[in-house]
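Please go over the structures that come below.
Each of the next two complexes has subunit A plus one other chain: subunit B in the first, subunit C in the second.
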Partner chain A sequence: MKKIIVLLFLFVGILQVSAQKYATKTGSLKFEATVDAVEEIAAENKNTSAILESSTGDIAVLTLMKGFRFKVALMEEHFNENYVESDKFPKATFKGKVEDFDASKLSATAKAFKISGDLTLHGKTQKVTANAKISKSGDKITVTGNFDIKAQDFDIEIPKLVSNKVSNKIKVSFNLLLAKL
Partner chain B sequence: MQYSTTLNMKKIFLIVSFLICLYSNAQEDLLSGLDSTQVVDKNVTATFKALQIITLQSTKLPAKKEFYMVISHRFGTVKGGISEFFGFDDATTKIGGIYGVTDWLAVSASHHTLLKMNEASLKYRLIRQSDKFPLDIVGYSTIDFNSGLKKDDYPKIEFSDRLTYVNQVLISRKFSDRLSLELVPSYIHKNLYNPAIENDNQFTLGAGGRLKLTKRLSLNLEYGENFNKPDFYNNPLSVGLDIETGGHIFQLIFTNSQSMTESGYLTSAAGDWGKGDFFFGFNLYRVF
Partner chain C sequence: MTKTIIKVLVLLLVISLGSYYIYKNILYKDARDINSEKSILTISATDLENEYVLDPAKGDSKYLNKTIEVEGIVSEVTDSSMVIDHKVFCKMNKKAEKTLMNKKINIKGRCIGFDDLFEVVKFDQCSIQQH
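And now, the complex of A and B:
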C-alpha cells in the first residue's frame, strides 16, 4: 500500500512537471494587406487565445474572425461578409511547434526561434513558418513574431477591381503574453 | 485482508492510469482547450449592403463617426424615348450626407432638385437581429422643407406650410446569407395639401428585400401600398441592383416613382410600369 502511495505521488509529480502550460486569452494578432499608403487595409484582434506547452514547445493559437477591428467599419463588414466569410468559417487556428525549444534557457532577453505548423483559415489549411522572439520573466512568457501568407492560398478572393488597394500578400504579426496556468 | 488490499491497489493503479490517459489526450490537442474560451458577437450583420434598399431606407446604419456621402439621380421617364434621351434630359438629383453619431443613431441632410426639397432625417436602431431576437427594428423620421413654393404663387404661405413629416418603422430579417426582407409601415403628414385630391395624413405599408446574386452583387425589390392615395397616382414599385466596390456602393435603379424624398416617393408615384412609363436612376454612396 505504501508503495502505491509513493507511486501515486510520483505520478502526480510527473503530471505537475509536464503540465507547464502558459496561456492567454487576450493576445494580439494583426494583419496588413495595404498596397499603397493612401488606404490602409489593416486590422487587429486583441482577443486571441494561445497556449504553449513549455515542456515540448507545442503551441496552439485560436482567433475569431469577427474579432478583427478595422479603422473603417465598412472594411470590417466587407472583410467578414465577402473575404473571409466569417459566418461560414468563424475562426482561424494555428497548431505548431517552436523549433529547438528549451524553456530552461529562456531569459528576459528575447531569443530568436522559428515556429512552424498548420494555419487553418477560411476552411483551408497551409503550412506556415514564423520568425519569433521569445522571452521569459517570472511566470510570464512573451512570444512575438510575424509571417506572410497569400490570400489565394486560402481561397480568399480579391476582386480585380480592388487589387490595386488590397494586397494578395498579407503580413501577419502576433504578440502573445502568456501566463503560467 | 491481503486480498482486498491487492484489489484496492489494482483499482488505484487503474484510476491513475486512466487519469494519465486522459491527461495525455488533453495534451495532444492544445487547440481543443482554446475552443471553448471565446465568445462570439451574436449580432447579425450585413443584412443590407447599402443604407437604402432602393429608395426606401434599409435597416443598415452608419457605424459611429462614419460619414457617408450620397449622390442619387432619377432621370425623367423613359417613355419620352430618344427625343428626351430616355429621360436623361429631365434628370433630378439628390445630394446629401449621413453621419453616424453613435452606432445606433444617424443624422442626415440632403437637397433634392425635384421641387427644390430639403430633407433632414433621424435614423435610430431600436433592436438588432441576434441569436436572441429574430428581427432588426429601426426607426426613421424625416422632415421635408419645400423651398420651391414661391411667395408670388402662394402669397399667404407660412414657414410651417412648407413642411412634410414622415415616420417609419423599418423591420427586417436576414433569412440567409443571400436573402433579407423588410417591412416598412409609414405615416405621412403634409402641412400643405390639396383636400380635393389627397389627405393630409396618409398611411402606407412598404415591403422590400434583397437577394444576393454573388458576393458583391445583389438584386433588390421594393413596393409600397398607399391606403390613402388619389386615383391618378400609383403605388411605388422599384427594382434595383447593388454593386459593391470596396469603399463605394453603387445602386442601379428602375422605378415608377421619381421622387427621392420619403413622402414624395410613397405618395406621388406618377409612372406606370404597365405603360412603359418608368424612371432610370442610381444611388452612389461613398464612405469616409
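And now, the complex of A and C:
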C-alpha cells in the first residue's frame, strides 16, 4: 500500500515537471486587408494572450477585438461596428497544436513549424494552419508566424461598394514572446 | 448682379467649409483620447473581475469600451503593462515604473474585455491617476 502511495507521488511529481507552460499577456497580433496600395487597411493588437504547453505543443491564443488599433479612427469604428461586431463578439480565440513539437530541440536559431487548430472569430469557428518560426533562449520562447483567412468564412460581409478597397483575403501575423510561468 | 455674385460666393463657402468639416471630423477624425476623457465610474479591480466572472455578457454590456478608473494593489509590472490585484491587466501609455510594485494605485483606462486564458479583465490606453 505504502509503495503505491509513494509511486503515486512520484508519478504526480513527474507530471508536474513535464507540464511546463510558457505564456504572455502582451503578444502582438496584426492583420492586413489592403487591396493594392490605395489605402492601408491594417491594425495591431499588442495585448494578445497566449499560452504554450511545452510538453505537448498545445497552444491557446486569445485576443480582444476592441484592442485592435488602426491608424485611422474611422476605420477602427467601422471595424468594430460593421465588420467584426465587437460588442456582440468581443474576442477571437485560437486553440491548436504545434505539429511535431519537441521543446528540447529548440534553440536560439528559429526553426520552422506548422501550427494548426481552430480559430473562432465573429461567432464562427474554422480550421487554420499557420507557418511559424519558433526559437528559445533561456526561459523565453518566441513564436512568430502568419496565416491567411477569408472574411466570408467568418460571416464577415464586405459591402460591394468597398470591395475594391477592403480585401476578402486577410493576412494575419503574430509575434509572441512567451515567458516561463 | 452683385446679389448673384454674393449668392455664388456664399454657396462656394458653404461647399468648401462643408467638405472641410466632413474631411476633418468624419473621415479623419481624431481617435479617442482616453486620458482626457472623464471616467464613468471608479471600481476596485476585484469587484470588476467578479462581475465579469459571474456574467461575462453582462460585464461586457456594462463596461466594454468604457473609460473606467480601477483601484487596487499593483501585483505585476512589466515595461508596458501593470496588473492590479492579479485581476485587471492594464496596458500603459507610458513606461511602467517597477517601483510601483505592491503599491496602492488608481489607473484610468479603456476596458477592452475579459481574457479567459488568464482570467483577467484587460484595459488599454491606461494612465496612472494617483499612487
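The rule we apply is simple: the second predicted complex is superposed on the first by the 169 of 181 C-alpha atoms of A that agree within 3 Å, B and C clash if a C-alpha of one lies under 4 Å from a C-alpha of the other, contacts with A are read in each partner's own complex, and residues count from 1 in each chain.
Just so it is clear, contacts are C-beta pairs under 8 Å (C-beta built on N, C-alpha and C of every residue); 3 or more make two chains touch, one makes a residue touch a chain.
Remember, predicted model here, so these are calculated numbers, not experimental data.
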Should the pairing of subunit B and subunit C on subunit A count as a clash or a fit in the superposition?
clash
Just subunit B (first), just subunit C (second), both, or neither: which does A:Asp153 touch?
neither
Using the superposition on chain A described above, determine whether A:Lys165 touches subunit B (first), subunit C (second), both, or neither.
first
Does subunit A have more residues touched by subunit B or by subunit C?
B
Counting only touches as set out at the top, which of subunit B and subunit C does A:Asp58 meet: first, second, both, neither?
first
Looking at the overlay, does A:Glu81 come into contact with subunit B only (first), subunit C only (second), both, or neither?
first
Touch test for A:Glu32: subunit B only (first), subunit C only (second), both, or neither?
neither
Touched partner set for A:Lys46, first subunit B, second subunit C, both or neither
second
Report, in rising order, the residues of subunit A that make contact with subunit B in one complex and with subunit C in the other.
23, 25, 47, 49-51, 60, 62, 64, 66-67, 72-74, 80, 87, 90-91, 93
Which residues of subunit B touch subunit A once you look at their complex with the stated criterion?
5, 8-9, 12-13, 16, 19-20, 23, 27, 29-31, 33-35, 37-38, 40-41, 45-46, 62-64, 66, 177, 215-216, 244-247, 287
Which positions of subunit A touch subunit B when the two form their complex?
1, 4, 7-8, 11, 15, 18-19, 21, 23, 25, 39, 47, 49-51, 53, 58-62, 64, 66-67, 72-74, 77-78, 80-82, 87, 90-91, 93, 95, 157, 159, 161-162, 165-166
Within their complex, subunit A touches subunit C through residues 23, 25-26, 46-47, 49-51, 60, 62, 64-67, 69, 72-74, 76, 80, 86-87, 90-91, 93
So, in the complex, the side of subunit C touching subunit A is made of residues 26-32, 60-61, 64-65, 78, 80-81, 83, 89, 91, 110, 112-118, 120, 122, 124
